[in-house]
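Okay, got some structures for you below.
There are two complexes below, and they share chain A, which is joined by chain B in the first and by chain C in the second.
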Partner chain A sequence: MFAQPDIDRILAAMRAHGVTRLEIKDPKKRLRLSLPPATGSSPTAPGTPYSAAVTSPGIGRYLPRGGDDGMAELEPGARVLAGEVLGYLCSGPVRRVVVAPHDGIVPAEWPETGALLGYGDTVCRLETEQ
Partner chain B sequence: MIEVLALPPVSTVQDLGRDGHWFQGLGRAGAMDALAHRAANLLLGNDETAATLEIPLTPAQFRFAARTSFALAGAACDATLDGRALPRIWAGIAEAGQLLALGGMRTGARIYIALPGGIDVPGVLGSRSTQLREGFGGFHGRVLMPGDLLKPMQADAAELPEAGLSLELPALWQPGEQAILLRALASTEHDSFTEAARAAFWTTPYAVTRQGNRQGFRLEGAPLDRNSAGELRSHGIVPGIVQVPGGGQPIIQLADSATMGGYPKIAAVIAPDFWRIAQARPGDQLRFVRVDVVEAAAAEVEEAALLEQWRVGLRAQRALCRSWC
Partner chain C sequence: MAGEAPDTLLIANRGEIALRIVRACRRLGLRAVCTYSEADRGAAWLDAADDAICIGPAAAAKSYLNFAALLAAAEACGASMIHPGYGFLSENADFAEAVAAAGLTLIGPSAAVMRTMGDKVAAKRAMIAAGVPCVPGSEDVLPDDRGAVARIAADIGYPVILKAAGGGGGRGMRVVRQQSELADAFLVTRQEAQRFFGNPGIYMEKFLEKPRHVEIQVIADAHGAALWLGDRDCSLQRRHQKLIEEAPAPGIARSLISEIGARCAASCREIGYVGVGTFEFLFQDGRFYFIEMNTRIQVEHPVTEMVTGLDIVAMQIDVARGGQLPLRQDQVRTEGHSVECRINAEDPRTFAPSPGLVTRFHVPGGPGVRVDTHVVVGSDIPAHYDSMIGKVIVHGADRAEALSRARAALAELTVEGVSTNAALHRELLSDAAFDAGSVTVHYLENWLAERERRHG
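So, the complex of A and B:
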């Protein structure tokens, strides 16, 4: 079992590094921690825009949406809704779908097509409002 | 279980077809685009022979009666699940009451929907495919109608990541090509066509006309004349055969091909390219590329390797999902 002080320390480290999901598993124990999306700055008032990281749900090579998937490309500045497809993590021909965890504005910065991402890596930062 | 809310009356339940009854005059039926059918099944961890719903015309709407996984593969049609846009190849979970909407097809001509374990319809003569001409198999031997309920063979949802999985399928058009390329073998009466006709057939594009269905597509292009006139005796034909009736415009026989025909045969499209014909829309250009039997056999090996790559990749994803999702 993890003691509460250990869990608190792990949570603090997750907040410090913008990690929103963490799972630790060994044959005897399993710990799964989730945090709300990290904020890029510390908003002081409701309505203040801030950006939140969209993290990779697995390991794979990044592919933006809008190629051969029959979906429109995402234009920077456009709005996306929670659950909307942002892109894919490709492992050979298999594509794991990356979706927006919350409503937001499409950023200009994305990984290069084919960039290797690991679990928890930042895919992009969606600008949103507090 | 999904309920059909709206669907043009041309969609049928299909699997990989009913082989072994040709000599009795019973065609094969089965999915027109077997590649998309297999992709939809594999995404859910189904057997590739499991029955799927083949949709050749949209718009369409379905409502999920219970929480279930499903997969979608084939033409791009702006599919949405409760308003959320889906990739054209996708497997994921639908909650009870959610609405799956398929819009107009933009590229491609057929969509396949798979359910866990396959669509639960009885097997007849070794297959669950709908034999439309004979009126048996599939869903009561008929096309699907609004109000019909499709049940999955398995109640449990497939193991899938929360946001779903997609798969890379081969491109319908090769880079730089205006026409969809179809590899074909010369057929029995090939040499009875004039030299000009043979040259035109192998080098110029033929457009898909609106006269097409699961039995075959009529094409339009350079007329194909024969050196000799006159009818042939009826003989066996199979899906992929390209016949040329008196008017000189070719017809490709497809999944619901007749078993016999009397028109001269100029070529036979190889099976690994049938899916390309199935996804061609009226107005699309097809161009036939001559191959020999060695190249045709190599194409089969290539297709088998692609399917194995899908199987291995999806098995690995399911294993990851079991430990990480």
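So, the complex of A and C:
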């Protein structure tokens, strides 16, 4: 079973390289992904910005980066790299990191601090320029 | 002056029972939070809840059966109670234990009681001790000794049935009609018991050839009170899955039902049971034989609600949080007759599930008609879960009126986009033997086989 963040990362890579069909198989699992063919006006065309959802990896209350973690707050318009910490999901004493699935530009819209997020809920949409 | 925030109840289930629990919460002034999987994201019933939270991917093992996700959801939304509905984790003693360890209240009995009643042999022993009649059979799991097993079978008398001690749902059972079949059947049933239920223990009972399935609804509080709320006949089954249920069971002397009901309530008091439950019996030749106790709300609870006028789910929540039962046994009254038809999204001939998008949905109405469903036009019926999409429940002054209303309601029901078993219900409700009452648990299987022979 592939987690949604993994699928998002694969889709982003497919878009980045103009791949429209991809199948991954091993003895236990199979994943088939397809994207519409890129056209001149397609949002996935090279050079055209598109945004992809960053989804919640679990259940918890949202905490932005830059509070008590020693990291800089994320400013809208700033660039983040794939794997960079975007924020946290808090459940009791446990914090789960929400990371950028791909390189992108920090959006202006984020959940409120303390907002309840469920599995797969959209945390933000990260804009990427191909 | 601002009122105190209502207690929050997390619903660890989906579909029509989730909606039914939301309605009970409304009545009790509780905040209801539904959990859902990604397959159910955007489903219409979630709008009825005060809040909803996605707990995982579509696969039930990662969502509705996921202890950690459910407890995290309860913590995140400030729930103090968890209602497991039916199916999924509703009879999972480990989950009951985990809920209690998290400091939450499970709407159900304790883990210890669930364990006793989940083990068929232990449950039978408890029922014999409480004076509830059981099918003649071995008092413990069978020994791994062919000679001893053959002697037990001879004492009981053929035919006998071998059953998995940890079993249920019709799996891990085998009928043995003569001694020559016993050794093979014993080995295979033990292997199945281990494979299906992780417990190789099996036991033996007299096999009843023409029984009906009759059950008693009970509810007990933590203050020593226990009531029986009437009986139901659920004999119309296919592969141990009930299709049509009714209350009361037709053609059985009320004095006999009262006697068995009182014994069920008494056994609840004896084992310290708290919550709703159902004692399931086989009924043959005027005698009841206990088969198992379900320690949860059941799909067919509405027929009992229709004849008693009680809100059993609200009462279940109340007793779980320490409330006292609001009535005495002599105040429990049943009136009229009720019938429930389970509507499944499935092929009416092959019974293969029929997932998909519901493009048209019209539910019947009128006097004495209730439809419990989570489906609306545009609902996507996922392939991941049980195929039941609703229940058509009717009430009449007597059985004839209830059946007449059921026929009219089924004629009015319209579902398009997915196949359903509505046509099968229409046929069964017009069947002379069912109309006469008192069909056995084998009737539907034989009826379907005969229909297959006729139509090829």
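Everything below uses one rule, namely that the second predicted complex is superposed on the first by the 86 of 130 C-alpha atoms of A that agree within 3 Å, B and C clash if a C-alpha of one lies under 4 Å from a C-alpha of the other, contacts with A are read in each partner's own complex, and residues count from 1 in each chain.
Operating definition for what follows: contacts are C-beta pairs under 8 Å (C-beta built on N, C-alpha and C of every residue); 3 or more make two chains touch, one makes a residue touch a chain.
Not measured: the values here are computed from a predicted model.
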Contacts of A:G92 with chain B and chain C, given as first, second, both or neither: both
Touching partner for A:G58 - first (chain B), second (chain C), both, neither: both
Touching partner for A:G120 - first (chain B), second (chain C), both, neither: second
Of chain C and chain B, partner touching more chain A residues: B
Partner chain in contact with A:P76 - chain B first, chain C second, else both or neither: neither
Set of chain A residues, in rising order, touched by both chain B and chain C: 58, 91-92, 119
Residues on chain C engaged by chain A in the complex (per definition of touch): 36, 38, 41, 51-57, 59, 62-63, 69, 72-73, 75-77
Residues on chain A engaged by chain C in the complex (per definition of touch): 1, 58-61, 91-92, 116, 118-121
Of chain A, residues touching chain B in the complex: 23, 25, 57-58, 65, 68-71, 81, 83-85, 88, 90-99, 119
Chain A-touching residues of chain B, taken from the complex the two chains share: 75-78, 84-90, 92, 106-107, 161-169, 171, 306, 309-310, 312-314, 316-317, 320, 323-324
